[in-house]
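Pasting the structures here.
You will see two complexes here that share chain A, one where it goes with chain B and one where it goes with chain C.
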Partner chain A sequence: MGGKYLAFIFAYLRANIAAALEYRATLVTQVLGMILNDILWVVFWVLFFTRFPVVKGWTLEDVLILWSSFAFSAGLVYGLFFSVRLLPRLVVEGQLDYYLALPKDVLVHLLVSRIRPFNLGDALFGPLLLVTTVDLTGSRVAIFLATTLLSAAVLLGFEIIGGSLAFFLGSGDALHEQLGNALLHFASYPAGIFDGSLKFLLFTVIPAGFVTWLPVELMRSFRWDLFLGLAAAAAAFLGAAVLVFRAGLRRYESGNLLAMRS
Partner chain B sequence: MAVITATNLRKVFRVARKPEGGWARLAATFRPRYVEQEAVRGLSLTVEKGESLAFIGPNGAGKSTTIKMLTGILHPTSGEARVLGYVPWLQRQELAFRIGSVFGQKSQLWLHLPPVDTFNLLARIYELDWSDYLRRRAELVELFELGDLMYTPVRKLSLGQRMRCEIAASLLHRPEILFLDEPTIGLDPVAKGAIRELIRRANREEGVTVFLTSHDAGDIEQVCRRVIIVSQGQVVLDDTVNALRRDYLTTKEIDLKLGVPFAGGIDLPGVSVIKARGYGVKLSVDTGITPIDRVISHILRQYPVQDITIQNPPMEAIIAAIYRGKAVNQ
Partner chain C sequence: MSRLSLLGSPSSRMASRPAPRRTSLGRQAVKYLEVARITLRSRWAYLGEQLLARVYLVIIMFVFVQLWRTTYAAEGSVRLSGFTLPEMIWYLVATEAIILSLPRVHAALQQEVQGGDLAIRLNKPYSYLLFHYAAFVGEGLVLLATALGMGGLTAYLLVGGFDFRWEALPVLALIYLVTQALHFTYHAAIGLLAFWTEDVMGIFFFLDRVKWILGGMLLPLDLFPPALRQLAEVLPFREMIYGPALLFVRFSWPAAADLLLRQGLWLLALALVCVALYRLGVRRVDINGG
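And now, the complex of A and B:
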């Protein structure tokens, strides 16, 4: 069973890569553009921390870890599971029919069906940045990998929940995009600059705290309670995502839009 | 043996009603009003193994909604259905291994890749044994004459070529039932003929039960032996295609482009002029009274003809005729 699912996932990977390679120049331009964009952000923070070395306890190394972790987790989620960003549109336009007509779990099928290779450029950039700019030990690398994968799970769950709102609201494209953008913005700034109720919001409704700040905290000094908290958040967000998606799917109304798979 | 049974199947959609006027529409944003639209109203049917069934009706009759409920895509509002022993919306995945579906308006082929890549992907989705799959693929490539098409990006295929690939793709896993929703939509007459022949072969040579929806009366006549006509979510006729042909498809329409202006003179029993303007004329022919070949030879004796098209009356006209027939019988 697991083997057959793996073969199915790899078949999608192959098909997606083949489709991306149909337009090589576009692909290369997009990947380079994405990496350049990441580099510009890093340059900004390097300049900033050269002027102000410590901001509410955050140093340049913390921000570099934040960017490494965030580029890696967001790159994995949006690169490997790009369809999650399209979920509201697929729901509203009745394009889930394709997945419902085939013998696979709809959510798993939907997630693995579309890869966006240039986001995988982010996933490459993250570890490269970490290796080239941060002092690493074996245990720090293990912590980075474990926490980043858990934060990717939180991000994926959050995106599925946001996208599934379309089942209930009848639309939701704009709301999903705004929620996603809010998370991306908050997650890419040091935690120290946010306080109080906003901080509470960022560990619940817009879980930027789990996506970047906890991984950074754990890289500074590992604590099992924080690590288990992150793991619990990942399980909770993914679990809630599955429940919300399934509840939404029962309300799915299909549609008759002309559509081609691309 | 029945492979599809549906009893009192009903589907109601809740649709937001948009009032006219700016303020009313703004108010409706905060307090939307919904109306219920009953797409399928207590539909019941049974399909036996190996049948070729045309499930037809005008736009909005509930055809696609019924197919989507029978394939597990939609949950019904009420009613029961079993397809190959499964409740489609509860056992969707198990059922999907044993049925195939072709939606003329939704492609399963990847636009930028050649069909062979989508076929390989489908083999993994349906968990086919790889050597069995390669044998089956070779069989279908030969049967559907796909040859070089298999290695041409889908975006470069004609609609007819694409549909041949779509249907072959849906047969890869040897489905016991093939659901086809408007498989000939948008095709030219030659491509329509080819697609109909392929569906007929799948039914007669491989024993696949065919459940086909279409707007095209030609699809019914040339592919199916039984026809169910639905209108406003209900079955209005369930009969053999032969009976439909005898009772309702006796009329054909002939579109003519003449070499000289039309000046009447086609006085045959059962033939009437629907429209005439300049060089163009449209005739309605009751083939039960005067056969179509007699009408054509009569026209050719009277006029030089530059172009001629013979077609079935639109589905809406057939449905209207069925209603009229029912009213007369009652």
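And now, the complex of A and C:
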């Protein structure tokens, strides 16, 4: 069962990437554009830490790891599962009919149905930044990969929950976008600048802490309790996402649309 | 009254028609002002939606305040490169307001060039670039109002106000309009590259972020290392972001005059590039009926 689904996911991704490669120049421009965009954010932080070397215990290396992890996990989620960002619109416009009529799980099918080449640039940039700017050992690479995949799972779960609000609110595109943007924004800054109850919020309602700060902490010095905490958060967010999506799907009303799916 | 007298003979119509003359500059300006006004009104109609989209700015400003509050505390200083904390935050309000008040003209131009809508625009009695500029101004003013309103309110609640020179408001408004025109020429030039490339979004992403960094959007140029500051001095981005934002928080008449002069020169150069790209690009257009 699991193997069949994995084969289905990879077949879909392969087909989507092959379709994107049909417009090779566009794909390359978009991927490079995003990489350069990320580079310039890193330039900002280099400038900042050149002037102020330590901010609440965070150094330039920490921020470089943060951006490596952030770009990689966000690139995987938005690059490979871009439909998650379109979820509210698909729900409101009744465009889930296509997936309902097919035998595969609606959520899995929906997630893999679209890629976004722009964000694949992020997915390439993350590891590239790490390799070129951070001192690495075999164990650090393993920690990076494991923590980043877990943080991608948290991000994906959060996006599915945010997008599924449209089932209950009847709209929710703006709310989903604001929640997503808030998470990405908080996650791209050093944890040291936030404290108190805000930090609690950033490990629960808007899980920026799990998306970037824990991976950075684990790269600084690995601790099993933190790693297991991150794994538990990934399982909790993905599990909750599946439950919320399924509960929402029961409220879904068909759009009776006759349209080409692009 | 006979039908003939109503319409007149062909010859009498020719005789009564005023001699062809160039439309005056004033009438041309009215035409584009009208485009700007209509765009402004149509965007204003969705003000609630625009404000909702600006909630994100509250988060951005909140994070900036946290970052700079921590930094000022760590440095143990009231001023960093001449900026107090409120001045730094209001500088960032100004840079965000400038950047967030720029409509996506590059995307519109790409869409029209590649989708073929350009053909419909070319036979209209207006300049293609000036039409888009007028719409850019109209939409931009609504975006500016919401960005400045939301960003300013957040900054005021978090760090308080600063010593704003109200008497300089008309000059600052003029400087904003020139700043906006500079950004228009920069974005439109990138959009016009669609005549030659499949997709300009990647190029735009890169050049826009170069503008952000070297224009001092996230960090005032005063905090740059000397070599980078020197590079920023000779590029137009300083006049597009840092100059107007600095003047907003620390106004002086000589600095305003100097900025307007520098902006004027860059505007001339970028406008020429824009017009040249448009003229070269239009030559490549094949229009088929249908």
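Quick notes on this one:
We take it that the second predicted complex is superposed on the first by the 256 of 262 C-alpha atoms of A that agree within 3 Å, B and C clash if a C-alpha of one lies under 4 Å from a C-alpha of the other, contacts with A are read in each partner's own complex, and residues count from 1 in each chain.
Quick note on the criterion: a contact is a pair of C-beta atoms (placed from the backbone, for glycine too) under 8 Å apart; a residue touches a chain by one contact, two chains touch by 3 or more.
No experiment lies behind these values; they were computed from the predicted model shown.
In the three-chain model built by superposing on chain A, chain B fits alongside chain C with no clash. With both structures placed on the common chain, the touch criterion links A:T26 to chain C but leaves chain B unconnected.
Shared-chain residue A:V54: touches chain C; no touch with chain B. Judged by the touch definition given at the top, the superposed model places A:F168 against neither chain B nor chain C.
When the shared chain is aligned, chain C comes close enough to touch A:L36, but chain B does not. Shared-chain residue A:A11: touches chain B; no touch with chain C. Figure note: vertex chain A, arms to chain B and chain C, all at CA centres after fitting on chain A; angle 90 degrees, rounded to a multiple of 10. Looking at the shared chain after the overlay, A:F200 reaches neither chain B nor chain C.
Of the two partner chains placed by superposition, only chain B is touched by A:S254; chain C is not. The superposed three-chain arrangement places the nearest Cα atoms of chain B and chain C 12 Å from each other. With the contact threshold set out at the top, residues 23 of chain A are in contact with chain B in one structure and with chain C in the other.
Residues of chain B touching chain A in their complex: 13, 16, 64-65, 68, 71-75, 92-94, 96-97, 101, 103, 105-113, 117-118, 120-121, 123-127, 153-154. Here chain A touches chain C in the complex through residues 23, 25-26, 28-34, 36-37, 40-41, 43-44, 47-48, 50-52, 54-56, 118, 174, 178, 181-182, 185-186, 189-190, 192-194, going by the rule given at the top.
The touching residues of chain A, counted against chain B in their complex, run 4, 7-8, 10-12, 14-15, 18-19, 22-23, 95, 97-98, 100-105, 109, 170, 250, 252-254, 256-262. Every residue of chain C that touches chain A in the complex is listed here, in rising order: 49, 52-53, 55-56, 59-60, 63, 66-67, 69-71, 74-75, 197-199, 201-206, 209-210, 212-213, 218-219, 223-225, 228.
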